[in-house]
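What follows is a pair of complexes built around chain A, which joins chain B in one and chain C in the other.
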Partner chain A sequence: MLRGLNQERIVFTIAVVLFVLFSVLLPGFLSAGNLLSLIQNVSILGILGVAMAIAIIGRGIDLSILSTMPVSAAWLLTLVNGGMPIGLAFVCALGFVIAVGIINGTLIAYVEIPAIFATLAMGIVVYGFGKAFMTPIDAVYTGRGESWFYAIGSGRVLGIPSPVIVFALVAAAAFLFLRTLKPGRFIYGMGDNPLAARVTGIPVRPMIILQYVIISIIALIAGIVMATALAGINTRLALSTMVYDVILVVVLGGIGLAGGKGGIRNVVVGTLLIGILLNGMTIMNLTYTVQSILKSVILLLAIVADTLLNPRDEQTAQHGDI
Partner chain B sequence: MNALIEMRQVTKAYRGVPAVTKVDFVLREGEIHALLGENGAGKSTLTKMMCGVTLPTSGEMFLSGAPFRFETPAEALENGIAMVFQETSLVPSMTVAQNLYLGDERLFNRIRGLNIAAQTFLQSLNFNVNPTALVSALGAAHKQMVEIARAVRKKVRVIIFDEPTAALTPEEKHHFFALVRRLKQSGVSIIFISHALEEALAIADRITVLRDGEIVASDDAGAFDRDRIIRAMVGRSLSGSLYRREAGQAARPVGEKVLSVQNVSMGSIVRNTSFSIYSGQVTGMFGLIGSGRTEAAKIIAGVAKRNFFNGGEVRLHDRSVRYRVPRQAVADGIVYVTEDRKLEGFFETMTIPENLYMGALAAGTAGGMLVDMAEMRAIAAEWTRTLNVRAINPNARVIELSGGNQQKVVIAKSLVQKPKIIIFDEPTRGVDVGAIAEIHQFINGLADQGLAVVVISSYLPEIMNLSDRILVCRSGRVVEEFGPDEATEEKIMYAAVH
Partner chain C sequence: MAASEAWTRWRYRWIPDKLVGEILSKSWIDTLIPGVILAAVLAFFSLKLPGFLSGSNLGDIAQIYGEYLIIIVGITFVMMAGGIDLTVGSTFAFCNLAALLLINSMEMNLALGIPLIMLIGGAIGLINGLLIGYLGMRAFLTTLVMLIIVRAVVDQGLLDYGQTISRGFNASTAWEFMGVGTVFGVPSSLVVAAAIALVGHVVLTRMRFGWHVMAVGGSRRSAYNAGIRVKRTVCLTYMISGLMTGLAATFYAARLTSAGTDVGKGLEVTMLTAAVLGGISLGGGRGSVIKAMLGAVIVLLVQNSLIRMGLTSGTSSLVLGLILLAAVAIDVRWVKNRHKILARAYVSPTYFRLPPLPETAAGSGSPYALNDRLRGVAAIGLGELDGPEDVIFDRDDNLYCGSRHGDIIRFFAPDHRRSEIFAHIGGHPLGLAFDPQGNLLTCVGGMGLYRVSPSGEVTKLSDETNRSLLSIVDDSRLRLADDLDIAPDGRVFFSEATIRYEMYDWMVDALEGRGNGRIICYDPRTGQSRTVLPNLQLPNGICVEPGGQSLLFAETWGCRITRWHFDGPHKGRREVVIDNLPGYPDNINRASDGTFWCALCGMRSPVFDLALRMPDFRRRMVQKVGRDDWLYPNMNTGCVIKFDAAGTILDVLWDLGGEAHPMITSIREHKGHLYLGGIYNNRVGRYHIPGADPAWTSNASYWGDRS
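This part shows the complex of A and B:
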């Protein structure tokens, strides 16, 4: 009977319980305005979560997305503010993130640097490069430009805030990619057993490059949403701890760090819980420190519950992951 | 003799499906007890309950008369029960010596002391393994020897060996059996799981046969012969010619020369070896450990990383091919079926259909850019039927299958790639007698269809039975070639050793 209880369902249940609790206990939580701002705030986290999920499912990780996102978006705004047409500026930014993805992928696949170090270093490089050559000032604000562009982050469709719609679109596209496209299946195979993937004849190294290019493009999308929603973006975001929130969303949803497990549904569930939690804690006026402690306790609880309910193959479990 | 371990009415069910049902089993003090049965009969499951890897769903277990329930292998070890698992459980990034003493380190280990101790110990077992080598660099046989040594070192009362000989060549098997006899003399009780019935008959004091999770026969070894064991295992008798070429069956005619290997070297493992492979034939490759058979195959199929590739040429038809990655070889129809299924064979969190489909997608023999679920199910249905793969549950992940069934999945995953040249490395490792016959028949069928088939095996009868040509390897190169009529076991062994 307990078998049906995997981490995804546990987290979903916790999210529902929290939602009910907050609705009853916190005045104003259930108001339409609050609910909308709740989903809007976590949309960017969710979009980045999708990118991180694609990395982790393939037994990688991308710590550079938190640099790629603000730097590419800030550059786009700088170009537009300098008079470049939006379409052209977008193509430039797209070219930039694709280059970042290719470099990440090449370092990991061909130079064989572990993903965590390659992307950590690349994050610093992107931030530094951006500051030196692309956007000399930290905070870039949206200036002139067409209104449709600003609507990406601040508009509404049928009353739904557009960041939520972008999150839904990105999640749906990633879901279809991972589930129904050949490269998506290959990424699962590489996450499950990289050696077997290679021997089976999967083009492992080109797939790794594709993987990190897709991740960088999603980071650009998140950056555009953020910049247009807040009417500007600050590249110092690269120095924040937001990347841990992104990993939290992914791991909390039940995508194992060992790779090969989970999917986009897990990201959505993880985002939901973190969203409700952050919103509730903000209404309660908790300090940043207390918020961090609560977040980490919840992460630990979810992982412990998952290990207890779904022991891995006993033989492997006894001898550790090898 | 007293019962050391006794199991009464023990049942183990996975998700409600029993893998072992109401078993009464007794291990006596100081005996060698062979546990036999088909793939998935429940041998591993039964023994895993004794050594703390899994707990029984119901039933009682007694150790020297006292009831026990071990939650962890460490607890079982404290009580004197050790197990050597079917799949390797060594830490690849550590040396042999470090693996041997894993868990017993003192706070400050002197590496040199550790290596010397390991060397002395391995030598006392007659195991020729370098204690300073990294485990990841060892072949399957050496890994198995380290596993065995690790269990023996623990000084326990009971050692359970789960298919210890599957990866060993005759020479190492000989040392292993000598070791088992010495252990018995020093009072250790032994459970020995194997698919090699001759081995069980030769070494065991008592034999227990499992079928579908139940004990169907348990008696003194003297009361069994090969035929009685097989009848108990499968419930009927099989034709006796399992390992013998059908009388009068001629070798297949030599087909087109599809692949030639010329003066290929790789480090000190493959040394300037040359040989050819023909279509419509089974080419057997025999050799002792370290003779470079697996490595030569891995060079051909692009599995060996090329920075180790030190010269020589591989020609496919008239084209020179030096594959950097297996993908290129697979695209050209050359497929290597690995000897180490857990390490580089299957995808463990995936189901059987997903595993097979992954092979088809990678080779482009199924699906386009899109995944086709119906096609995936059809492929799985076809191959599980052809190779008779058995799982408790159709959606079981491959890690939950028994060892022999995992092997069949790996073979099927390679065959869905529709290769023209297929290299089987120890294809029947961990596979039961009935299934060995099926797989052999199947391999013969592939050659009849015109494929170039290579079989690497350490088991001479398997080589003799299957091959139209036999290549013998020694110290990194092919040293001799036999036709099927001229080959005898003595000649082959002589060529392999001298």
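This part shows the complex of A and C:
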């Protein structure tokens, strides 16, 4: 019985237990409206979690998505507010995030900077670049125009909030990519054993660039959803600790930081647990600081469990892999 | 000599190319990079900002430096052990809060309060250390999560105690001194930082714990295998970081007495940038406290000056991020390519012209004319030996030789069939000599000069000599002691083949054509060694002449044999005995008729002689071609020559097929036979010398008959 316990199942069990507990103890938790808003609240986190999962499965990490997301979305809004057609503005933003992804990938694959540092520094650079050249003001709001575009984050389809649908679509696309496409399988191979992947002929370096470009594009999608859901976006989000929440979702779901393990299902499970937890704590009227203490302690426990369940392989761990 | 050749000769004589490679091989070269960056930063901002270098501006900046420099010492320890500490930002805020609460508001005694606050920081570090060191968690994520947790606790603390703190005021002079006091114009925090840096540097470079830290960072598994307690060492580094952060936060609290929500925010990124910019390697093992401090000074100068230049927060974080990226990129590429650059730059050929090659063809009438007299000589220890560079006999006719495995092997008289390992030294024992007391002295390649007593007890006589004043490579340590001989007064003269290459690379020295070797004198009366003849072209064989006042030495790459008077009326005089050998001379030893034997370990070839006159060609070869394809001197065939004190060649012995003795490095005459050793050979050869004195022994020739 204990043998079959992996982190995903533990987390899933905890999620179910919490769900039952909250349903019984907290009035209003089990209502349909609350459950939908529960999922809606974490859907952006979930989308970013999918992006982070792709990075971590390939034995990387991307700390820059929390800069790429608000900066690209804010720039898009700035362009649209300046009178540019939405389509063209989207292409511009897409070009920007692809450039960020290529730079990230190049720094990691060719300059050989550890992913954690390359993306940490790139996060600062992207935020600084955005503030200096793209969106001079912190908070950019959506314009007044009536467009399908604004419905991406705030509309409903068949009664389901559209962010949830976007999360589902992104998760499904990423699932198919990782499971059925060659580059997806390559990412697993690279995460499992980068040297072996290289020896067997996988084009590791171009694959890393592709990986980070995909991650950046998903970050843009998350940014658009967030901006349209909240009618605006604040670039100072880049300075917040939200990136740790994203890592929390991924690691909590059971994707080992050593790479090569886990899948999109783990992200969904992790996202659900966080959603239930945040929703429950909010209903219990805990203060923001207490919530963040509890959340981060859970994150710590999650990575302790990750270390115990997926111990680092000293044979294939690279020097300087911290 | 053509004009171009004269120019080449002049250019290689006076332009010291070898310094480039030697400087690159030093470990302090890494400090140069941040040093240059700091100079550039200072130059840039002093041009852009008027009054930048004025005392008041620097004084203002210096006020905040102390706190950061204290933290960076702790960070250095963590990073040198291969970790990373991102918690410092939050620990700093937490300790700041604690300091304000305990010392400022509750007016706790400083002598009690400061250690207490340091311990609070240390406790947070201990949690990190336990998780990372003992549980084996990843440093980056663990300290990141701790950063969030502690930050959340700080936020909660600010809500709970913010009012209390803002009302508090500690009027004690010591507290005020910590905040704004100066010692001879230097802020108190900076003085403390300097003291801590000094202690940190000494601990890291001179003490056991520091060495353990470096070893763990350099190679975790090797450190573990060497018996270092890796987990404890890693854990302690995080504790040190926490303690230092606590101390820094106390100074900060004393200076500003403010507990805003943004205290210490982004500090971890600043510190990381500083450490990496200073050249502390990610992953550990490389770096120093001084480098980290240089990095911190650069980052703080840039941050401060960017703000003073009126840049927006966006631009300054853009610049900071780009600096971090550039620093990590330089660091990663430097670590990866340093040895390649070094390999390309280290070999530094120079001009050397040998006289025309003497004739060796059979029937040419040359004294070196080929013959086949060494064909079919008897073999001793065939297949048992590996690399007997030199051969020697004791008074009881037992034969001794060295081996590649670091042993001295003894073959018992009279038939030299039975053998035993007489002593194990290590390295590769090369030249051998007996002293009057019957001790065997040997030059051990890679180790130095050693003595083996008749009972097999090994004593180190010398492994260092005086360091020359202007050398960049450390030439005090003996790298490749080669051959030796003992003067009548007991002084030992021994050659060191090269100071620029290790034993396994000795043949690369031939590509340089420079005098990299030396002769050293070990004096048993003082126990000291001193270099007596520097700058020789791979000095090899040494033989004290029967007069006891002069010695002959062979310079292998110089293809000459020289006499040097170390005593007597001509003391200090050096005269060339043979200046144009057809091959590369190795060991020289006495012959029974008062003349000398010399082994030629390889023969010259016109191609290599020509290459020696073309240093540019050899440089290009070293840089462009793999080292297996370099042009080396020929070491596949050799011979033995006999010459008298005037340098006349009396006899020559060849082995034409090269089957038994392709390369001869040593010869020893003993009771009418000549014994041949070879550093790459698997036997000792025994050749009957027609007409030689059947009773003559080398030992008696040096120290007289047994009395």
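Here is the rule we go by: the second predicted complex is superposed on the first by the 293 of 322 C-alpha atoms of A that agree within 3 Å, B and C clash if a C-alpha of one lies under 4 Å from a C-alpha of the other, contacts with A are read in each partner's own complex, and residues count from 1 in each chain.
Simple rule for what comes next: a contact is a pair of C-beta atoms (placed from the backbone, for glycine too) under 8 Å apart; a residue touches a chain by one contact, two chains touch by 3 or more.
Worth saying up front: this structure is predicted, and the values here are computed from it rather than measured.
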Task = Figure out whether A:Thr13 sits in contact with chain B (first) or chain C (second), or with both, or with neither.
result = neither
Query = With the two structures laid over each other on chain A, which partner does A:Thr289 touch: chain B (first), chain C (second), both, or neither?
reply = second
Inquiry  = Per the contact definition in the header, classify A:Phe117: touching chain B only (first), chain C only (second), both, or neither.
reply    = second
Ask   = Thinking of the overlay built on chain A, is A:Leu107 touched by chain B (first), by chain C (second), by both, or by neither?
value = second
Note = Comparing chain B and chain C in the superposed model, the one touching more of chain A is C
Task = Quick one: classify A:Ser240 as touching chain B (first), chain C (second), both or neither.
result = neither
Task = Mind working out whether A:Phe129 is in touch with chain B, chain C, both or neither, as first, second, both or neither?
result = second
Message = Per the definitions at the top, what is the overlap between the chain A residues touching chain B and those touching chain C?
response = 314, 319-320, 322
Task = Spell out the part of chain B that touches chain A in their complex, as residue ranges.
result = 15, 48, 53-54, 72-73, 85, 87, 89-92, 303, 325-327, 329-331, 335-336, 338, 343-350, 357-359, 361-363, 367-371, 399-400, 413, 417
Key: In the complex, chain C residues that touch chain A   = 82-84, 131, 135-142, 144-146, 148-149, 151-153, 155-156, 159, 219-221, 269, 272, 276, 281-284, 312-322, 324-325, 328-329, 332-333, 336
Task = Write out the stretch or stretches of chain A touching chain C in their complex.
result = 107, 111-114, 116-118, 120-125, 127-132, 241, 244, 247, 251, 257, 287, 289-290, 292-293, 296-297, 299-300, 303-304, 307-308, 311-312, 314, 319-322
Note = chain A residues touching chain B in their complex are 3, 179-182, 184-186, 188-189, 192-193, 195-205, 260-261, 313-316, 318-320, 322
